Amino acid sequence: MVELVPSLLRQELAALAANDERIDGRGRWDSRDIKLETNCLYNAEGSAKVTWGDTIIYAGVKFEIRTPWPDRPAQGSLMCGAELRPVAGRKYEPGPPSPQSIELGRVVDRGIRESGCIDMDSLCIIPGEKVLGVMIDIHVLSDKGNIFDACALGAIAALRTAIVPAERFDIGEDYPLAVSMTPTMCSFTRVGGRFVLDANDEEELGGDERIHITLGDEGHLHSLQKGLKGTFTPAEFDEILGIAQQRCAELANLVNSKEA
Amino acid sequence: MGGYGDVKLLRDDGLRLDGRKVDEMREVKVEAGILPAADGSAWVKHGLNVAVCAVYGPMEAHPRKIQRQDRAVIDVRYNMAPFSTSDRIRPGYNRRSREISKVTAEALESVVLVERYPRSKIRVEIEILAAEAGTRCVGITAAAVALADAGIPMRDLIVGVASGKIEDTVVLDLDKAEDNYGQADLPMGILPTTGEIAFLQMDGDLSVEEYNTCMEYNLKAAREIHELMVDALKRRYNEKNGGEA
Amino acid sequence: MVELVPSLLRQELAALAANDERIDGRGRWDSRDIKLETNCLYNAEGSAKVTWGDTIIYAGVKFEIRTPWPDRPAQGSLMCGAELRPVAGRKYEPGPPSPQSIELGRVVDRGIRESGCIDMDSLCIIPGEKVLGVMIDIHVLSDKGNIFDACALGAIAALRTAIVPAERFDIGEDYPLAVSMTPTMCSFTRVGGRFVLDANDEEELGGDERIHITLGDEGHLHSLQKGLKGTFTPAEFDEILGIAQQRCAELANLVNSKEA
Amino acid sequence: MGGYGDVKLLRDDGLRLDGRKVDEMREVKVEAGILPAADGSAWVKHGLNVAVCAVYGPMEAHPRKIQRQDRAVIDVRYNMAPFSTSDRIRPGYNRRSREISKVTAEALESVVLVERYPRSKIRVEIEILAAEAGTRCVGITAAAVALADAGIPMRDLIVGVASGKIEDTVVLDLDKAEDNYGQADLPMGILPTTGEIAFLQMDGDLSVEEYNTCMEYNLKAAREIHELMVDALKRRYNEKNGGEA
Amino acid sequence: MVELVPSLLRQELAALAANDERIDGRGRWDSRDIKLETNCLYNAEGSAKVTWGDTIIYAGVKFEIRTPWPDRPAQGSLMCGAELRPVAGRKYEPGPPSPQSIELGRVVDRGIRESGCIDMDSLCIIPGEKVLGVMIDIHVLSDKGNIFDACALGAIAALRTAIVPAERFDIGEDYPLAVSMTPTMCSFTRVGGRFVLDANDEEELGGDERIHITLGDEGHLHSLQKGLKGTFTPAEFDEILGIAQQRCAELANLVNSKEA
Amino acid sequence: MGGYGDVKLLRDDGLRLDGRKVDEMREVKVEAGILPAADGSAWVKHGLNVAVCAVYGPMEAHPRKIQRQDRAVIDVRYNMAPFSTSDRIRPGYNRRSREISKVTAEALESVVLVERYPRSKIRVEIEILAAEAGTRCVGITAAAVALADAGIPMRDLIVGVASGKIEDTVVLDLDKAEDNYGQADLPMGILPTTGEIAFLQMDGDLSVEEYNTCMEYNLKAAREIHELMVDALKRRYNEKNGGEA
């Protein structure tokens, strides 16, 4: 493994951090530009394209009719998965889902699920017989850093604009999926010794641990995850949690501006 | 081919259900260079199909056993996104996508100057984001543009096109209903400058005469799409160089 | 990869081609000898052994009772698969199905399926409840070239001699499967610059692209496939299509001579 | 979190169903060095959870492509035995166990002095034999003891602890019913000497204040469990050296 | 592969064998100490921990309600599997089940199944609708030789102490599983040219073929298996079969002493 | 063993359902050298069982980690064709075939002079085309002939044979009904010259005396089949050398 480049990059990032600078000129808590498009995919019942700096992801929602689990006869189900396929970047290889892609999908899934934004009872059609399964698939097409936040944004945006294809399922007229909240994720990466918001690909390559925070409408925590080697202190966490409170509210506003 | 026969696909005025003439193709849009992480990329919308292609390389081929001493290998993955079809499809490759990946790779090897890059690998990632019949052809078109965008030298751009048969009539570029209820489909990868064929599949039922008509339609369509591909690459070139078309 | 041998072989094949000769003395459109045996396997409901030059394959037909697909309640199903297992030759390795074996199975499958020789409606036992599934498995035991044509021949011969084990399924008396047509495949390989019929293993090793043509009873095309690196012109295709018309009719006669 | 809400988890006297106070953890027992085949090992019983951990290495990292020039890689497998849960689970890894393995490995890499063993690998095998909520934390505790038993140098012992929320009340160390019907769970891997956090996950619903209370409970519990870990390692050391504690 | 150590070890073992000695001082037909604990795992319906010298294994029994196989509507099922996961020793690697672990599970499974100790009819709840599936999972935690005998002992001990969780399944009150026999396994390894009982890990590393014998209550053979490279003579087999008769009876007594 | 007991397998005259005596085996036919692509091959029909075996090698063993410095490894794959059984079986290996492959490889390693080919690999591909009880034995017989046909030196030819118990009577060479409804099966791989045993499995219920009778029957059958194997190899040798037997 060529580890020379990361090593030089680490030095550069540390030097920049000493002056409170970042490699692309942003401030410590600045995000890159974000463009969110919805209803952009034929055949998906809800869809979103997120262009987050040079990172590009698509999210699509599909529904299926299924029989409920025996222990939850009146509840539907929600599933969110992410694919980190070789299209996303030079470093990605074909093969079974990597731990990275599993973690990505599960962290995004927990943020949405645990916010309670989908009422599982509302997905019941006939108790014990037929319920709706909601499946969100996220496809990373260009990874230039911070795919977690881009994927979480695309997932909730696709969900919030999804139409249940009731006619196709012979269960009445099509209707918008009820989504009661807009959980969003805000991730921080230790670069040059201190945490920054929205690391780009170079900062990820030369950085350390990440913290992923998903907050709901009232600023409540719904999902946390630390990834990669490294530790953090409670004081550091308090600081980034404060930043996340502001930032997640802005992201939720962006999503809500897209609704039908 | 479904070939059910009792579904009407041609209107009384001789046009198709979506108003196209028998030798008319769906609208095609091409963009080059849309994925910042890739060495070359393309986006093609063909009817309601959407394909995106990323090219990485040439890079060292590993594991070593896939290396060829005298040329580059072209490693193609054709993949349909889970949300690209009416019924969600499970992520991961299936037999269909593996076969399409194989014959697409072989078609691209036929035009890329692979002998210029011994022992190396060129990765071609074709992702179908929305499918409405004919995705393998759209993928080939996208791959050709993405390879060109990556600066990989080729004898010619390959164009993916298809004709087929509905209600005993040969038509160009089947859409979803025509594919589901039609009688034959003949997808090809054509080199528009020489008329050579680098990709060929076919299923259904065609007489030799019908085959010849399909071939004629395909060649015509390939030349039309080729112009759109060249335009997209010119726009991309000018954009990179800050100029105007 | 040792590519020296193929390189010398290519030169030899090119020299032979210049004199319109082939490495084993055949003419350009000559096939090797073909021996077809049917009903040769205990436990298979239809079976065939094809000895095609030194290439040997077996095909076996099995039936199963299954529930129909919801959208086709009155139709059975047909499945044709090929296994290119390590027994077939030194170059074959164990592992999951290779792209080569998937292509082989799918090309043979399409030729049979698309000819319409099996009426899927005839496989219905009780609409919406019980239909027949027909499964053709092809096993390549010795690959000395042109396995595609050998497999296609074995598959249709096994199918045409298959007996539906109705008694075992408790659905009446055993009866022969209704097969209304005899699609056969004819493959051409570019060797020394020009296409030849029925390439042997050396010609495949030192050759280029292949074209597989499956024709039905009236000379209609049911399946086409180009494999491997290379291109061809429409004029070249016209020529080999003419040869295929003759050759497929001969192969169909051979199959039909074996029926019960 | 299940979060059904209609299951009563706190008694009228303010204690939990099993009689614990809100900031009281389940009983924890720790043993070091219990697997003769391993280079280091540990057994932790935490409530009814039982985790066993074996450590092998440092050893040469192979295949070569996983090697790191400047440090050891830590290869963690967290696995639940098929009989460890109420409904049998199929042998083999699933998405949950792969995620836990990944983040546990990253947590352990944060404390092991990996730069002392360039190009090598340390295998950490965590086996859950009985599961009663909180297994990932019990696994981390066992891994830390097993690494120490194997003589692998670390900055600190990591302790796996969790707090959560039931009936709008923050409680330490959720048991199975509390996990099934509670509102939030916050598992952490804490370095008890410095209070740093090397492992963090959370799901459910917590306000910032509730998070802070969880954090406080977790830190307290980490220090208690840390003493049991040190005791186990001392007993093991004395046993190996034939002495007395 | 480093084969030096085994080679030197082989020489040492041969020298010891010449004096009728073993590397750990045991006699040829001596077993290491065995400790058997049962009911040691929360959530398993039957469980056993076997400490066999320095070899440690756990076995756990779980039940499930399932629909019977169509051809055996009034019979339940038994399944025994073994996992040789990387925890068990330095030589074990992650990945799909190895041939070693498959053989281990299948040999243990056959010994129990073929003894007839579980009456499959007794596992029927409602004929054609509901039967019990009994699943024994064996987990090797420390392999220091002769895991076959340890696993077989743990499996039958877990089974003999298993309680059917009938209440959880809503089929009446919990009751002990009926197990009518105590099959046990006795394995012999060729070390230094002659067979010994209960080889330890060093004897396995420097030894040759193994013979696994499972005997039931009346000394009947229920399962045999030869593993690894090597042959044996009928006379050799007669001798070890005699030893197995005594030893299996002792092991069965140990298991039976644990019952509720 | 099924062991249902209520199916009659012995006739009143003491013969078996197919008319065989208790110590009589099914008809066996052996051919060597029937697969042109292989280095050695064999075809064995034993009752209605049909097994084909191809041998490739000795060849370089790769990947390197399977190499042995002092000998060849024998890589056996026992596989049942999907159409070989009454109910079709899915292509690919299952637990049963993997176990049989393992113990068959170990049996063959016991007779092949593996030390003559250090660092190499011999591939033995056993394909069951039709199964009627006893396929693992038929596969061993075919493998032995194919190895000899490939010119691989061996101490002896192994012969695969089996005896078993039906209606409390020991019989040689169980057929399908006897296997389904019988009480025990004892397949062996025997070296007919020395009487040594290289392959041994058994399941069901046998007393020690019954085991001894099985053993005696197996030995007798091994010698009979051995003659057929030698004959086949002689025919093959003469055929290759253009002479007469």
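Just so it is clear, A, B, C, D, E and F label the chains in written order, and each chain counts residues from 1 on its own.
Just so it is clear, contacts are C-beta pairs under 8 Å (C-beta built on N, C-alpha and C of every residue); 3 or more make two chains touch, one makes a residue touch a chain.
All values derive from a computational prediction rather than experimental measurement.
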{"item": "Neighbouring chains common to chain B and chain D, by label", "value": "A"}
{"item": "Set of chains adjacent to chain E and to chain F", "value": "none"}
{"item": "Taking each chain's C-alpha mean as its centre, the one farthest from chain F", "value": "A"}
{"item": "Chain pair among A-D, A-B or C-F whose interface repeats that of E-F, sharing over half of the contact pairs by residue number", "value": "A-D"}
{"item": "Of all other chains, the one whose Cα centre sits farthest from chain E", "value": "B"}
{"item": "Whole-Å gap separating chain D and chain E, where each centre is the average of the chain's CA atoms", "value": "31"}
{"item": "Rounded Å distance, chain B centre to chain C centre (Cα mean)", "value": "27"}
{"item": "Length of the line joining the C-alpha centres of chain A and chain C, rounded to whole Å", "value": "48"}
{"item": "Numbers and ranges of chain E residues touching at least 2 other chains", "value": "97"}
{"item": "Arrangement of touching chains [line / ring / star / complete / other]", "value": "ring"}
{"item": "Chains listed in ring sequence, where chain C comes first and chain F follows it", "value": "C, F, E, D, A, B"}
{"item": "Chain E residues touching chain D - in the complex, by the definition given at the top", "value": "41-44, 47, 54-56, 58, 60-62, 64, 81, 83, 85-90, 94, 97, 135, 137, 139, 141-144, 201"}
{"item": "Chain B - residues contacting chain C, complex", "value": "1, 3, 65, 67-70, 95-96, 98-99, 101-103, 106-107, 109-111, 184, 186, 191, 194-208, 211, 215"}
{"item": "Interface residues, chain C side, partner chain B - complex", "value": "1, 3, 97, 99-100, 102-103, 105-106, 110, 113-116, 209, 211, 216, 218-234, 237, 241"}
{"item": "Touching residues (chain side chain D, partner chain E) in the complex", "value": "34-39, 48, 50, 52, 54, 56, 59, 77, 79, 81-88, 91, 123, 125, 127, 129-132"}
